[in-house]
Amino acid sequence: RPAPEGGSDAATGSKSGSISIDGSSTVYPVSMAVAEEFSDQGTDAEVTVGFSGTGGGMKQFAAGEIDICDASRGMKPAEAEKCKENGVEFIELSVAYDGLAVVVNPDNDWCDELTVDQLKQMWKPEDPAQKWSDINPDWPEEDLVLYGPGTDSGTFDYFTEEIVGEAKASRSDYAPSEDDNMLVTGVAGDKNALGYFGFAYYIENKDKLKLLGVDGGDGPVKPSMETVMDNTYKPLARPLYIYVNTASLKRPEVAKFVKFYMDQAAKLSKDVGYVPVPDDVAAENAATLEAALGAAPAKAPAAE
Amino acid sequence: MTDALSNEDDLLRRRKRVSAMFGVLCAGATALCLLILIGLLATVAVNAFDAFLPEQTRAELEGKSTLEGLGARTSAFFSAPYWQRGWTFLVEGPSWRPEKAGVNPAIFGSLWLIGLTALFSVPAGVGAAVYLEEYAAASRWKQLVQLNIANLAGVPSIVYGILGLGIFVRAVTLQAPGGDYLVGLSLGRVILSGALTLSLVVLPIVILASQEALRAVPRSIRQASYALGATKWQTTWRQVLPAALPGMMTGVILAISRALGEAAPLVAVGAVGFINYTPTSPYSRFTALPLQIFNWAADPKPEFHSLASAAILVLLAVLIMMNAAAVWVRYHYGQRIRW
Amino acid sequence: MSIKTLPAEQRNTGLKPPRVAQSRASRSADELAASAPKISVSSLNFYYGSSQALYDINLTVPEHCVTAFIGPSGCGKSTFLRCMNRMNDMIEGTRLEGDILLDSHDINAARVDVVSLRKRVGMVFQKSNPFPKSILENVVYGPRVAGERSKNRLMEIAEQCLERAALWHEVKDRLNDSALALSGGQQQRLCIARALATDPEVLLMDEPASALDPASTSRIEDLIFELKDRYTIVIVTHNMQQAARVSDQTAFFFQGELVEAGRTNELFTNPSKKQTEDYITGRFG
Amino acid sequence: MSSPAITNEPAREASLHSGGAARTRALYEGVIQWVLWVCAGVSVLTTLGIVLVLMVESLQFFREVSLVEFLTSTQWSPTFRDKHYGILPLFCGTLLVTGGAILIAAPIGLGTAIYLSEYASPGVRETVKPLLEVLAGIPSVVYGVVAVTTISPIIKTWFGAQSIYNAASASIVVGFMILPMIVSLSEDVLRSVPRALREAAFALGATKFDVTVKVIVPAALSGIVASVLLAVSRAIGETMAVTLAAGAQPNLTLNPLESVQTMTAYIVQISSGDAPSGSPEYKAIFAVGMTLFITTMTLNVLAQWIIRRMREQYE
Amino acid sequence: MSIKTLPAEQRNTGLKPPRVAQSRASRSADELAASAPKISVSSLNFYYGSSQALYDINLTVPEHCVTAFIGPSGCGKSTFLRCMNRMNDMIEGTRLEGDILLDSHDINAARVDVVSLRKRVGMVFQKSNPFPKSILENVVYGPRVAGERSKNRLMEIAEQCLERAALWHEVKDRLNDSALALSGGQQQRLCIARALATDPEVLLMDEPASALDPASTSRIEDLIFELKDRYTIVIVTHNMQQAARVSDQTAFFFQGELVEAGRTNELFTNPSKKQTEDYITGRFG
């Protein structure tokens, strides 16, 4: 029953002059950077940005407790259903791309690139490769030591979906960690290791890691700002989203904030290590927002 | 009979060797503890050192080994910018730019949290301990409560977070025959909710430590007091509690430490990472030091890792200041009582 | 060894002749009989868990008299004494049968307030148990919990009670020192002073002079004499001369039973039971 | 000799139970007792709340997953496509990490407590104890990072662990983390053993070892056990350090060199992760929580039974 | 009150005539002089923090003799006794000056091992302090930590020591009960038995009979007599008759000073100092 949750809504979310954002920890740096710049512009609004995970954020969003939800994946049908139940209407804006880097140890002198198929061989749940030589007989007969993000993260979902072909379909005998820095440490410390994680972690640890090219069918491409933005690094670049409650959007400070977000997203996402969305997506975002803003005042009485 | 005090039989010599060895072992254990502590602190301090280095020093250090960089670091340390940055770290809020980020809202959030947590958990915890040790007659009920408390200590804090979300942040609707009841405080995602949740987390520590301290007070003291016509409460308040105070303080110290370092339940009850103002009331939204630390430590940028270490030092400083009072009380009273 | 034959009496009378001459008169048989019963115990049985410590005790403690309990170690004196202010309540697994009436009210009745009871029936324990606080705090504890606030008044009480317990001049300069830093005998006297400060009607003293030198003992005995006009006193002692000197009535316990009780003079000179005689003449065990 | 202590007394209460003063006092005492009772009640309410939350949700979970599978399956993979809900790997993970942590922390902690209470000078004691308590306040992420960057490599080279994430390094850091709890609480109880007992033993020609091991520790046993229990609880409940150090891979193993996931680590993983609420992997956290609750309860019942049997009460 | 004039001696001799006749002979002056000094104390000053408790004590405790310490409460007897087995080491802030020689070895020397010292110099404390263990465990604690393993041997020791401390028949059926469930006097005797079990060369007893009835007291006194052929005994007592009965040498303390020490007979019959005379005749304070 939504009644009590709606009650707390009044206590926090809808408080005049406040904007509350929560959700994905992947998107958090972008939202936080925007929020900070927004505050620096001189605003009275109290802005808070949390990082309780996409799942956690969605739960609050569906309950109408927050204005904006950061998400490192699209909203799930079940979550959309919840929103509908609670009368929460929203718009989806994609704010950046996160390139997933596939990396090996710098001492690894045999492997420079992998095809999607080879990656699938490594990561598929049934009968995956155990040795490097299982992938390519020229490669050493060494154990294949795999590192990857925690199994309840958007990165894991996205990687498995794109590589294996089904979300969450993955071998389980790899070393998962909830902290990507730990994955860096792991790959950096083992010659036979291979791992995947957000591109930003590679950027900051270039000297400890070796980046692999991924061949999605059109030849191997290494991830970079450019290759992700021009969509040549396929298929391992995932979109990051924010979901905005349209009822909140009618509040001037939220509207102002979201507009500011769209203006700054390109610059700031780059600064925090993500890739800005291409122009066509940006235009799409602008249109969506415009529509919502135009509709918002008319919708307002109904939403209350 | 033996004539010299040092002339002794084999057995005695062996026993003394055992005893000496035991002493050495215990001292070794203590040394080990201290070593661990020093190791951890040193690691943190070394990592934190780079947090406030000015941009240009950082650039200078690029590609140099630790030893080579020592000179540059030292000179940076004794220059004004280093300390200016240290100051802004304390008074500024979080930022995506490592050279600008600070922990001010987190410090205040944490202070509010532990202050309120101590306010709730210490009286309730000591009260419960007194009830169990001094008042409750040995019974099934008491055993049950006792078991309960020991159990609560083992519940992972995240579960408290889920509970706190349900009853402090929101409210649960219970469907009962006589109608629906709303159970909970519906406080929202504010400091008060966080503090109440943390209070539940640390309550078992306070209770169990206090119980042990109460148990250690000799029964003859209680008898003496009763025989002088003191009531149960007078006996407890004037004799038993003061005598048990040092031990209780230990519980309080451990509880505050725990509350200060806890992050998971706070995320559950709605602590945030970024907040653009300093919390001023129990009804503010909040962030806390451990959250800031977690977040920075998980950031890809290594500059943030140094900031995380610096924030740890701040957290420890807060902790030490909070503990100092409790330690003083413990020392002050502990000195006087030697049964 | 000439001292051996120096009778205790002589030492004491030598000490403070005038006082002794005035007050060291034990109650006569008539007086004793006329005294109202302050405490009457009937058919008292007491158990520690399954083992019985007291068997069917019947005894009357007359008002304004000193009653002494004597008997071999472990015979149940302390146990009985502790029954009279319900101190045994504090030991788990104890059980009591029978009646103990204080001014004809049953002290074990359900609605009795033990605090009032213990205020009226004070106690000095066999093993001294000072609080781990200052000497002063120890003495004024009773009045303080009874609501006395005035510093002056408390100081007055402290001085008076310490004086009476023959401790004042030894501790007057160190009233704020910890009571645990006192010698054994000093602690014992402190506990006596502390009990006096609550001004009870009945004072139970379990070997109050066991750790005391003759001079202090004699001062405590004087105190007992002095107090008995206003209080009722029960004292456990192993020192038969002491029992003889201070008490009006003596009760002899043996293996949990009250063998004989009566006027002190009579009991010592003319015990009606063989056991008593054996004990007091030392032909025992 | 007139005594002011006596003359100024208010009129004595006539009987033992009448009288306004006694009634007021009884009322006052009653109120206090009631307040204290409420304090103790808070803990009961908390438990009730927790049990309720866990029960309601885990019942829903068990509507989708059979209890038999939950208890007997040897695989735990709710976050994979091929979902299995066997609690055993998580249980083993918890057992390994907690057991290891206690094996490390209990001897070191007790040794330190004994050193501080029996050997050290007051100055040393009053410096070292608060210092060690700082260990309790270091946030667990620090321990996690230290485990992976410092301890794991050592374990890897010395003992040949496969992964850098392993139960052993998690045990070690959790052990460090719970040290102050054991040290501080045990030291308190050791020191509150009356001096008279120490004197008695020393006067019988006992060495410090004899006194400590045969008199002081037994007399303080209930407190020591309590402190260790509290530490066990903390170890069981600890999450972040464990998630970082032990990895997040649920393996059914008792080999400390392998990577494991604990029950609490799973709860944290899901509750701050991506899983939408209502999904079975989300509901599973309550079933896991329930299991944890029952486990600690069993442990506590056992411990209380032991304490009752071994307790020596001075006085 | 006829009892008052009943000399203590009479009671005691009445108790066990043969034993007394045989052994109750105190050492003669010659014997005393001939005894090797077991402990010699010279220029001993002792401080609790800043307050001095003992002033310039010089005393020799002869071997195989009983030395009694007497003096008013708080005069420093226990403090002195505790110096002799370095029990005062355990109290923080204490300081000692001067020499205490045991068999001509300085017990305060740096290389002295306190464990060996305390094994050789046993002690019974003023306030009984049984371990919170069973009665049996209490008694056999000393032998057990000294390495005795054999159950039979330990039982034997326990029986023998409890018998000697006049406790055996009271506790033989409850050896496994907690020692804390004993009466005050029983606890005191238990502590004596416990000290005997370690078989020390010197036995320091701080008022060993303070909580005991005459019969038990007399048994303990017999024990002391019996032991002195093999041990050296120092006893603190407030009971001057007791000092006179059991000791060969008596030392009188007053306000931290050793006023006078000498052969017991002489000290009591012919004290050389006025203070001593006042004290033993009760003309004191």
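A, B, C, D and E label the chains in the order they appear, each numbered from 1.
To be clear about the criterion, a residue touches a chain if its C-beta (ideal position, glycine included) is under 8 Å from a C-beta of that chain, and two chains touch if they have at least 3 such contacts.
Here the structure is a predicted model, which means the values were calculated and not measured.
Among the remaining chains, those touching chain B and also chain E are C, D. Counting only chains that touch, the fewest steps needed to get from chain A to chain D is 1. When the C-beta pairs in contact are tallied for D-E and for C-D, the bigger tally goes to D-E. Distance between chain centres (mean CA atoms), chain C to chain D: 48 Å.
Taking each chain's centre as the average of its CA atoms, chain A and chain B sit 34 Å apart.
Chain B and chain C have Cα centroids lying 51 Å from one another. Taking each chain's centre as the mean of its C-alpha atoms, chain B lies 14 Å from chain D.
Among the residues of chain E, those touching two or more other chains are numbered 92, 115-116, 119-120, 127, 145-146. The residues of chain D that reach two or more other chains are 25, 122, 194-196, 207, 210, 268, 271-272, 314-315, listed in rising order. Among the residues of chain B, those in touch with two or more other chains are 15-16, 19, 218-220, 231, 267-268, 297, 338-339.
Annotation, chain-chain contacts: A-B, A-D, B-C, B-D, B-E, C-D, C-E, D-E (touch as defined at the top).
In the complex of the two chains, the chain C residues touching chain E come out as 1-9, 11-12, 14-15, 26, 48, 70-74, 78-79, 126-128, 170, 181-186, 189, 206-207, 210-219, 238, 240-241, 244-245, 264-265, 268-269, 279-285.
Those residues of chain E that touch chain B in the shared complex are 92, 102-103, 105, 107, 109, 111-113, 115-117, 119-120, 145-147, 201.
Within the complex formed with chain D, the chain B residues making contact are 15-16, 18-19, 22-23, 25-30, 32-34, 36-37, 40-41, 43-44, 123-128, 130-132, 135-136, 143, 145-163, 166-167, 200, 203-205, 207-209, 211-213, 215-220, 231-233, 246-247, 250-251, 253-254, 256-258, 260-261, 263-264, 267-268, 289-290, 293-294, 297, 308, 312, 315-316, 319-320, 323-324, 327, 331, 334-335, 338-339.
On the side of chain B, the complex with chain A involves touching residues 93-96, 169-173, 182, 184, 186-190, 267-268, 270-277, 285, 287, 295, 297-302, 305.
Contact residues on chain A toward chain B in their complex (touch as defined above): 1, 3-5, 7-8, 11-12, 18, 20, 22, 25, 28-29, 31-33, 35-36, 39, 46-52, 56, 60, 65, 179-181, 198, 200-201, 203-205, 268, 271-273.
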